[in-house]
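Look for chain A in each of the two complexes below; its partner is chain B in the first and chain C in the second.
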Partner chain A sequence: MPKSLALRDDELRSIAERLGREPSQTELHAFDAQWSEHCSYKSSRHLLKALPTKGAAVVLGPGEDSGILHLGEWNGERYGIVIAHESHNHPSQVVPFEGAATGIGGIVRDIVCMGAEVIAVADPLRFGRVDDPLSHQRYVAQGVVDGISAYGNAIGVPNIAGDVYFDERFDDNCLVNVVAIGLVKESEIIHSFAPPNADGWDIVLVGKATDASGFGGASFSSVTLDAADEDANKGAVQVPDPFLKNVLMRASYRVFEMLRERGITVGFKDLGAGGIMGCSAEICSSGGFGAEIQLRSVNVALEGLPPEVIAVGETQERLLWVLPPELTPEVLRIYNEEYTLPQIARNARAAAIGTVTARQQYVLRDGERIVMDVPIEFLTGSIRDELPYERLEAAPPPPGRAFETGVQLDELLERVLAHHDVCSREPLYRRYDGVVRGRTVLARGEADAGVIAPVPGAPFAMALSVDGNPRMSKLDPHLAAQHAVYEAVRNVVAVGARPIGLTDCLNFGNPRKIDHYSELVAAIDGLGIASRAFATPFVSGNVSLYNESKNGNAIPASPIVACVGAVDDVAQIVTLPLKRAGSVLYLLGTPQRALGGSVLIDVLGGSEPGLPSIDYDEALAHHELLLRAAKAGLLRSAHDISDGGLAVALCEMAFGTLGRGRAAIGVQLDDPFQWTHGGVGDIEALFGEAGGHVVEVAGADVEAFEALADGVTGVHEIGVTIDRPVVAIGPQAFDLHWLHGIWSQSLAQVYV
Partner chain B sequence: MGRRIAVLVFPGTNSEAETLALLRDCGGEAELVHWSRAQSLPAFDAYVLPGGFAYEDRIRAGAIPAHDPMMDYVIEGAQRGKLVLGICNGAQILLEAGLVPGTGDARRPTAAFTHNASRKFVCTHVHMKLAIAPSRSPITAALAEGALLPAWAAHGQGRLAASQVHLREIERGAHLAFVYARADGSVDPAATPNGSALGCAGLLNREGNVLAIMPHPERDAWNFNHPDLREGRNMLAPSGGAPLFASFVAGVQRS
Partner chain C sequence: MAVGLKIPDNEAYTAQTALERLGIPLARVERSAIYVFQAPAPADELAARVTRNESVFNPNKHRLRVLDANAPRSGEVWIEEAGARWADADRYVGWRLFGEGDRPVDRATLEAAAERLLCNPAIERAHFPKNEEER
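== the complex of A and B ==
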């Protein structure tokens, strides 16, 4: 098995010291997985502690496989939204299809093991340059989308949100993050620890037959990628089986039903990094127990696998139960007979493989032979790396002058709309099933956030958005992390949903390099500031470090944030497309003289200092105004302002009226000077990315809207909707179909 | 005792929840029947085959599940006049089982829903238009002439393919039940998302009791699925594609 260890010498020494002997081969691989950054968060856990995790909506904060937020009540039942956020970056760079597919496969299990039904997924993606059809990144960008499509569609979970950015600094390390959402009755949550009375209970493994795939996956994702190790790296990637997962999920839902009927508390956990060893050790130790596992009882795909491969290999599609022995036969019957797992995939099944013990040792047997015997808390207890970092300098402030360019407005619009960070994402998301399960309210492309009404008969709904802007984080990770939260919150607010909680995936370079680690420290601080300001706690998250290639090309700091919103009544949802001519358009937001990190500066090829700052008080007031106006039925449409600025936001609202079997609606924007009063230049007003929203208000509702807005700063009347297919900015009108052609074709060339 | 509808679940089916929910909202007495309970199928009066990837689309979508023991009961029931509706993967299975268009023997398909012209999975909102007289089938009898139903196409293999001989037979024998259309009801090849022959979105058998449709009306079937277009109405009420299910349920109750 060609696989080297990622454990460092000092870590190896401390293991031998604690055991009082040289570790066995199996123990070495076990510690290698368990002490990897991926499993232990050794260089990030103490930093993450600073993030706010408490709030009115928090049912379960970080610590288990997923976090849970309270969504609503219906027929006397409280319903929770289960959310997890993961990355599958390294595998996707090496084998894009399988890497992205197993990314979904893995996170779906994090949701299922909380006793929840999986109701949605979302995919934030970051790719390198894809213009060259023969480049590896083009292959990665296509393979990842194919993998997400193949896996997510087959298991029957709608893909309702996501984003994608392209930048040369992702050439050697793509980012494939995935968010999954589940629905659970709060009284029926299953925890990922052995319950207090579990001494002597069975440990039951269920799913795919264990094979040699994914051996060394945890430590693989915790080192920098080396092209020379390509073959060994490929072996560390798991093999997806969405067909088996589809059946496994449904069989597990059936087990939940049986548990509900009998009212028994058990433990359930997903097998991820560290395989059988990692999962069984964590589920038992977090309940205060030890464990004893017989590796010969594990259903394997081929004979002769070494014990360390069976113990820590990361074969996909497996879960692990801790069950009272009297319940085990019924659970085995459901999986093996009712849902016929052994006929679904070769030697797939549920099997009892070990016992929970009061003795605090983690023991693995291979027949009679003991191949691992270590103190369980030493294996799973939090190890910690104190690494050096420096406080990053804040990016230089924006210049005190209006930005000038000699480029004409039509050319600016054309180049900004064609930019890969701005143009239509339909060529990607039309490959994902966004509507399976029939509960989708807003699919991708219909609004700023995906919306699902998860409980049949209940009026409430859940909104989801994922965001993080690499152009900003290249300039200032601290402020960019705040913008990631602000944008995710803003997108959820744009559909009329109240933001209730966040998750994050922190994608960074090598923590052992001081500049990369300092970025991580700064970004976490930024996330905390914005999370507190918006009163939206973090309930789960993930850290992906070592996103760096051996030649030193590291990704830009990439904190990616997901926000969950709650809608009390789907009737109050606001969508993005303009609705009627003759409405009044308002900007909720204050443009700034800060074009740093904007798409505009990127297309002009220069660089400009100064990211937009965030005025939290004003943003909160705008969100409150928008939500109250939505509830009062005063908003015909709403859209957040982000990549490409106000000009792009207005174009997209007008694009949404095309192809619907009725006349298109256009926009007449007043000359920016009329509403900025010269506070910023026209270019900053049109293309600045300081945030905010555009809302459409019917003429008859203007008075009521303005009454709500009384006393709120930064609310500007900026134009009207018109019954001509143009976007007009002051005296210049641009043909809507021409603009739409540019915007819709740009990525279609990559995703043919 | 009303007439009972079985919603079949094969290994790999993924659309059973919304299919069951809409049948029930349309007044149908429906329940899920899993593959390990195949022998309970004869007791049901009608069958619905929902979407998904039964047996992983191995060989060709629908090819393996067409030979699942559950289909013995469906074929037998269809031959005895029971109503059968297949949606997406369910439609592919009905074609592979030879029930639709039914111009050959059982399990000897004469047409297939196969790989989209793009060779890629596509998820996009479409409209399907009734292309037969409603009374041609008890399943469509309650729909209006030329009824236009919003639905979602979500498939990798939805393109009707058959020999010229069989395509002619499909046209002449009034098997072409639904075609893709624009939102305004006009029929236009550009409205077909997958390159399907004849712009076909749905096929009917000769006797009119077995219907196979590729798009999913059950995913645009309540007002909340399109808050945009159905502003101001009760968001939880059925709408959109629901009339087809209502017509099917009415047909089952009459049968």
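== the complex of A and C ==
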């Protein structure tokens, strides 16, 4: 067996037994890709079935390239939000710029192939320690952001949401997750499977000429990473071409238009892991068909490529159609002549490369020679790994004492605000175009979630947030997964949007190690609990395993969640910066003694067991209160409480008033003892990360707000806004400009 | 030192396509980052300096060549970028053009390519091979 293959001996035996012969070289590479963790989800698929996937807004749940959620109706048309969530972790660790850029390129294709227009992207990122300017970690952190901006900006899609965390356990394995959002009329969805009448239809490949780049990429992403192994990493190197992608997208939109005019249902799918083989096998198999492909019909970048490279290589910027033969010439004309693909990139084009067959075999021909002939269901659907796991037990918070730091409050604030998980992300996201296309309502930094009004003239809008806290995951993957959902939901609610659906990307270590697999099992269970509690189903997702280096350094369990929210009326959205002095500030949330996983504990250099618990009933009541208050126009601003706790949330709301040509607005927070009634200590009240929101209510609206809040527990009046540039906590006042200077500098040194 | 891509170079292909549309037919175009060090030092020492800097050289996508001379090769123009200088090295973008028979293009073709596309005279300066004998 070739050295580069990751198939296990038992898998090889199973293939040979089923085929009744030794597999060919091409078949070996095909099974290697298709049975990789990346393509097959062999150790996670059965676990993921436990996640809730149905709900009132779900138009299309998991199973195709993207999920679809109903957003709103306008002029008699129902509009859906298409969402996909992927990872490009291994490639980004090896070639950060290209890895991250092709991550965006891939996720965008997942949206396009549903017949949708791509309207936004988001980028949850996790990096190692970046303090050393000459470190590989710094190189990765910079290259990834450059790659995302270079690709996203070039295709003209706004980046509206994201988050970033830094931790030594990402030193050897960064995480580059990408989310893309599309807009589609629900009557015009195209599916990623061959339609029922597709026997004999053409299989048409579109895009860049196939080369050797990305050969072995799927299996590369499904084994432990050695960033220094240049030979093994060849499969990681995929070459982005956003300018070609831009033309491909526009040409595809033109094909959508033609299909609508003719009322024809077809299949359309993006080429990702497993290349031509993976895509053509899946699109035909999921329609109940087989396929026959002629590899000599594939447009290649150089002559003499072996059949397995043409079949399985992961050259970027390619899509695949299943079309009735009478339609093929017109589709080829649109791509090749109207949009001149062959003149845009070397030998790029659309070409018919095969046929859908009723016979349930997957056949590849290299000229007259058959190089692959296997049962298609065996290739695409039969592999499953039942791996052992244990139930994880997390330590509870220590009982009954208020936390003491022995550090002055000004120093604590300084250290927490400068922490890389807290400080301003603006040096990073300012590289991204957040407003291109003119539909962005709230760009990054303006609120807890990005907001887009996707349909011109329509009042509704879509909110998007991505979240997942690795400090929490280190302590308790089960509860941390719930917090990932809770925070994503909370951020969407903070802008006045009702959460309607979720996606997840589950980034974990080696599933064949029982502790890592146990973390995955625990996290999926946690996601299910939170998803059900918030009545917000999962519609799409991805699993990225083997995020572990050769030296055994694995990432912390990293379930990362994206939440889509629906805004009925974009005029009612709520932003983060404080608006006026004299407002009353309320905390919607109940501080807890638990400080485990908090930034505070991190800056103090210690450890503390026990994550905050989630009171779902109270959280739901708070979300409902916030949404009703927003709809009634009672909220001047709102912000979720997460990294750094209430103290940071208040600072950030006040920071938003700086540099806007008006007088800054400060905060006077009442002594925490007054509003916690001694339930927790000051430190827990200020820096605890149990969640919740801060909302700003005009003095004139206090009565109405409190009427809405009647009977809701955990609503605390905590202070007022003031016309002085300070954040005052009880009797101590801290200069807002000083605080802002600390907060805005940490990442500015990394993203110069 | 010339640091080039060993993965497909879209930028080079775009330049080739654009030049062809501007009336300069080519067989292929190579692009590389050129570093000319001022202080004399053994080639392997200079190569080590370049390869240690990951933002300049990533072995997973780059290849390094030690040039015979501190001047463009036949068929190659070096474009000097304003402000793209290291403390002890001059930095250029090298474009090497190949024409019929995969031979380096002549000086006139090179000058035409620089003038029409590769060099923006407002902010860049083109350096050509010192003489045709270097071919």
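Definition applied: the second predicted complex is superposed on the first by the 741 of 752 C-alpha atoms of A that agree within 3 Å, B and C clash if a C-alpha of one lies under 4 Å from a C-alpha of the other, contacts with A are read in each partner's own complex, and residues count from 1 in each chain.
The definition used in the following text is that contacts are C-beta pairs under 8 Å (C-beta built on N, C-alpha and C of every residue); 3 or more make two chains touch, one makes a residue touch a chain.
Small disclaimer: the values here were computed from a predicted structure and weren't measured.
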Request  = Report clash or fit for the pair chain B and chain C bound to chain A in the combined superposed model.
outcome  = fit
Inquiry  = A:Ser213 in the overlay: touching chain B, chain C, both, or neither? Say first, second, both or neither.
reply    = second
Message = Output check: A:Thr340 vs chain B and chain C. Expected answer is one of first, second, both, neither. What do you get?
response = first
Inquiry  = After the superposition on A, what does A:Asn469 contact: first (chain B), second (chain C), both or neither?
reply    = neither
Request  = Report for A:Phe243: first if it touches chain B alone, second if chain C alone, otherwise both or neither.
outcome  = both
Task = State whether A:Thr575 touches chain B only (first), chain C only (second), both chains, or neither.
result = first
Ask   = When the two structures are overlaid on chain A, which partner does A:Asn153 contact: first (chain B), second (chain C), both, or neither?
value = first
Ask   = Looking at the overlay, what does A:Gly457 touch: chain B (first), chain C (second), both, or neither?
value = first
Residue contacts on chain A - larger count, chain B or chain C = B
Inquiry  = Rounded to whole Å, what minimum CA distance do you find between chain B and chain C in the overlaid structures?
reply    = 5
Where chain A meets both chain C and chain B, residue numbers = 243, 343-344
Residue ranges of chain A in contact with chain C within the complex = 94-95, 98, 136, 139, 142-143, 211, 213, 230, 233-234, 236-237, 239-241, 243-244, 301, 343-346
Ask   = Once bound in the complex, which stretches of chain C touch chain A?
value = 7-8, 10, 13-14, 17, 54-55, 58-61
Remark   = The chain A residues in contact with chain B across the complex are 149-150, 153-156, 242-243, 246-247, 250, 337-340, 343-344, 429-442, 446, 453, 456-457, 459, 461, 569-571, 573, 575, 577, 659-662
Task = Quick one: which bits of chain B touch chain A in the complex? Just the residue numbers, please.
result = 9, 11-15, 17-19, 21-22, 34-36, 51-53, 55-56, 120-124, 152, 154, 156, 182-184, 216, 218-222, 224-225, 227-228, 232, 235-236
